[in-house]
Amino acid sequence: LDDIVKRGELRVAVQTQGPPFSLIDSKGERTGSSVELAKLMAQEMGVKINFLDFDWDGLIPALLSGKADLLVADMTPTLARAMKVAFTNPYMYTGSTVFTKGDGKFKTADDCKAPGTKIAVLLGATGEKEAKKAFPEADIKSYKGGGPLLLDAVNNGQADCGVNDVSAVKGQSTAYPAGTFTIMPDLLSKEPLAFATRYDEPDLLIWMNLFLDQVTIDGRLEQNLNYWVNSEDWKKDH
Amino acid sequence: MIEFRGVNKWFGPLHVLNDIELSVQPREVVVVCGPSGSGKSTLIRCINGLEQIQKGDLVVDGQRLGDKATDMTLLRTEIGFVFQSFNLYPHKTALENVTLAPIHVRKTPRAQAEEYGRELLVKVGLGDKFDAYPAQLSGGQQQRVAIARCLGMRPKIMLFDEPTSALDPEMISEVLDVMVSVAEEGMTMMVVTHEMGFARSVAQRVVFMDRGAIVESGTPDAFFSNARTERARAFLGKILRH
Amino acid sequence: MIWQQLESLYGSYPLALRGLGMTALLSLIALAGGTLIGFGLGILRTAGNRVLAGIIGAWVDLIRGTPFLVQIFIVFFILPELGLELDAFSAGIVALVNLNACFICEIVVAGIDSVPKGQVEAALASGLARWQRMRLVVLPQAMRVVLPPLVGQYVLLVKDSSVVSAIGLTDLTRVGWLVVQRVPNGLLVFFLVGVGYFIVCYPLILLARRLEARLGAGQGEVQL
Amino acid sequence: MLENFSFRTIGEYLPLFGQGLVTTVWLSVVSFAGALLVGIVLCALNLQRSRPLRAPAKAYIDIIRSTPLLVQLYFLYFGLPRLGIILPEFVVGVLALSLNSGAYVAEIVRAGILSIPRGQVEAAIASGMTYRQRMRLVILPQAFKVTIPPLLSQAIVLVKDSALLSLISVAELTRAGQLLASDRFMPAEGFLTVAAFYLLLYYCLKGVAALSGRWLGLRPARGRA
Amino acid sequence: MIEFRGVNKWFGPLHVLNDIELSVQPREVVVVCGPSGSGKSTLIRCINGLEQIQKGDLVVDGQRLGDKATDMTLLRTEIGFVFQSFNLYPHKTALENVTLAPIHVRKTPRAQAEEYGRELLVKVGLGDKFDAYPAQLSGGQQQRVAIARCLGMRPKIMLFDEPTSALDPEMISEVLDVMVSVAEEGMTMMVVTHEMGFARSVAQRVVFMDRGAIVESGTPDAFFSNARTERARAFLGKILRH
């Protein structure tokens, strides 16, 4: 933390392909739910912010190698991951959901349990694990390259249905004509999302947890989430 | 057997064959000589269609080149061509070089083609080199394989384009010896060469070319002892001096 | 629908231009640096010092044999642990220059080897020193053989430069991924990305072909 | 990242790497066979005298060479379904790699054929061989020798390019590394292991190249200053 | 000027030079002949260090080759070498071929080097070809440029390795003429050649090699009219016959 203040700059690693948490708006500016929260953090610290955007592959090395002070993405704090990085307290809960094509033959999540159903997930994302657990008989296909690719795969028929984070699915599917996709109402799981930093920065971790408490209390977190995640208000502005 | 009637050829603006009139009788041996670039190679390459003529008639073995009715591929099997640079197939042994065309073009059964091929290699003095690859042979040996390769097709005509000029001096005679024996068996031959000894002893006629035209033509004796034109005398002076 | 997408695509054109610019800039620097170092390595490798040639050969193998993505990660994330801190752009440049130097080294060695031995002997016999032989006799002739594949390598370089998006540089390919989040027509978006690369690469390919035709004209093409 | 490098975890993931390696090898072998096929057909077209046959082949080669494989892959994977053709990922991947590498193979084969000395062709013509006989008996066997080394370089490129197929959920070698990186947050372990496996494949191919060079009797280097 | 004392050389297991003893005096012209593969090229290539000897002493212009004190690059500037295949630099004009080494090795000012270069090209009969590239010249012209290129360094010794055997017959004499004139100016020369006319008219001595050894050595007259060894007679029979 001292270093950050001395440097006068907070370096944050974000993922490029993850609306509504992180995206490039039509003006080419980086924004999104997590991004705005990070900006708030920097503001509270009284330092400038510097975003480093990476593909999923680059996020973790960026944090581990010290290129970034913290990692702000829609990342689930699994115990295996927590062996390597220090997660904050969860700032929101989400879950994986199942979606299919609007006019598809799958009506409920249980339909997908049929053996051989092709299910699109993102490589390494929690959706992948949930899908494997929920649909053991299905044919799981893990893609790389972000949520929109899943939507495309389902839309084009390469997969029967997709499993991904609910807010991501909601956020991304609106770019398609209404009714293209059916999003199942029931979640496969409830998952926390958290920010991450390194274990050798315990003071930063404490500070971030405190920050999350503060914004929860004063409503700024809720405001953020309502704008970005729980509604589609942001689409109008960006 | 070969008849040039007013043959002309151009490479772009360059007039390489200029109104050639020449007729070669069966069993005749004709030597062609002349300065570099005078069109000697072009002349004999036209005969088997490696170059095309643009004006005049060229009749080979009774067939007019360029006619629709003339099957060039077939006609070529009647004409052997020996190159200055041998052009043996490097990926085939000596025997395979000789039998390749008979087997695939003439459809001779392999056993028969190989028998004849061995016979020919023995004849050119390479009875111990059936399975050698070209790279393992000296220049003189390669050229003798090349001659055997032509003979393998039992051609009616053989054309030679400076067959000895890429050879070491000691190897020249071994190739010339083979050519002499082919001539003595009655082959119709056109030979581009500067080996005047060969011309003297074997040729019925020597043709001298300069700048795309036939300048002189006559018996070897007449040509060497008293060439009519100044150009031929100057040329002979140069190549016989050293 | 399509119109609406085109419209929002149009809105992204500054981003696209920035991507194209980044691709061009990366390629250009890597091209210049890679060529320079590649020639240097190639010359050193043929200079007759077995140890040096062995070291360069091993390095070239290492680079040719591993994925470029891994090389970039090593430069950007692992070198700092050894005390060499680079920002994303410099790291991308370093990795790209190194990659290209290695490929160009191979091309240059092939070119130098194609110069007839007699040329070197003639230069040797007239008392030219090693570097003079290389500069005045061998290299100018090697260029005939080197140029076409060299330009071909530049085309590959332009395309390889897209891998640097992994460490956060916004090049043309990455712009494609960014835009596709808002305009969910991947085919259209990546068609345009393809067009962008085509615009940069195709002239290079034409150039390579012209060079090949011009330099090959001496030998004369085979009529089959 | 390096100070607590965990070989144990790599060991845990080794079966996964093994499967990935097998897939990558299998994928590359099939794709390279396809690339040879595509390349030879393209090259045959490209060497025709008739323009209508030559022009499309040339255009295809140019377009493939001037656009990234990623774009081509994207088009095959998401474009074909628009035409009602849905193929398994593995097949699409093989198709993309074959079509892409085929363009390069075509250029290599063409260069090989054109490198055959003119005299060889003339000797074959003079002995009365038809176009096809010349090709089959004289030109191609010799061109084969010249093309082997650049073809093996192209094979190396193809092996590395196949990593891109992890994008469309083909479980090849690179993906194993990515899994290790994102499940356990061990990127160094993941990617360095991947690199080691690719390097292994590279040396295998190089060994094959050296062997085939010796077998074909290619001459060693010359002309060094 | 050149002195071989018990010189031996092997290529791997092949013994290519076998106890060579030979001494060439200043202003002497020595012709070397012998069958292909007998080691003629190797012999003269050793003199300017294009090949290294493995046993014996080779002293050139007072300096022992292989000695630490001998600066080979410097010594080479004193020795001109003319190759069978010319080896002109194809990317340089005739004049540039001649001036390259003087300018870069001797550090002669460019203007002066060019003046002398032009003079030499005129002398070899190429006064109109200063700016021609090798590809635009005939073989004979290229070889004459190559000789001028050597003379440009004002060498003390000139070595020729079959300078005319890659040439068309009419061009041979133009090259030989230039070589004769160089010899007449008193150059020390060693010439590998099969042009016996040249040997007869210019050489003080003919050396006959076979299988890596010097078999005979004597005046041209003695060698041609009555060679002592059977091998030399057989060789002469072959190359003089045709």
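First chain written, first letter: the chains are A, B, C, D and E, and each begins at residue 1.
Methods note: a residue touches a chain if its C-beta (ideal position, glycine included) is under 8 Å from a C-beta of that chain, and two chains touch if they have at least 3 such contacts.
This is a predicted model, so every value here is computed, not measured.
Shared contact partners of chain B and chain E: not a single chain qualifies. Looking at chain B and chain C, the chains in contact with each of them are D, E. With centres set at the average Cα position, the gap from chain C to chain E is 46 Å.
A separation of 36 Å divides the Cα centre of chain A from that of chain C.
Averaged Cα coordinates give chain C a centre that lies 18 Å from the centre of chain D. Per-chain CA centroids place chain D at a distance of 51 Å from chain E. Residue positions 57, 61, 64-65, 145, 149, 152 of chain A are each in touch with at least two other chains. The set of chain C residues that touch two or more partner chains comprises 69, 73, 77-78, 81, 116, 119, 123, 137, 186. Pairs of chains in mutual contact: A-C, A-D, B-D, B-E, C-D, C-E. Partner chain E is touched in their complex by these residues of chain C: 116, 118-119, 121-129, 132, 136-137, 140-141, 218. On chain A, the positions that touch chain D within their shared complex are 56-57, 60-61, 64-65, 78, 80-81, 83-85, 120, 123-124, 141-145, 149, 152, 156-158.
Residue ranges on chain D touching chain C, taken from their complex, read 1-3, 47, 62-63, 65-72, 74-75, 78-79, 82, 113-114, 116-118, 121, 131, 134-135, 139, 156, 160, 163, 174, 187-188, 191-192, 194-195, 198-199, 201-203, 206, 221-225. Chain B makes touch with chain E in their complex at residues 35-36, 138, 165, 168-173, 176, 194-195, 197-198, 235, 238-239, 241-242.
Against chain A, the residues of chain C that register as touching in their complex are 1, 8, 11-12, 14-15, 18, 69, 73, 76-78, 80-81, 88, 165-168, 170, 174, 177-178, 180-184, 186.
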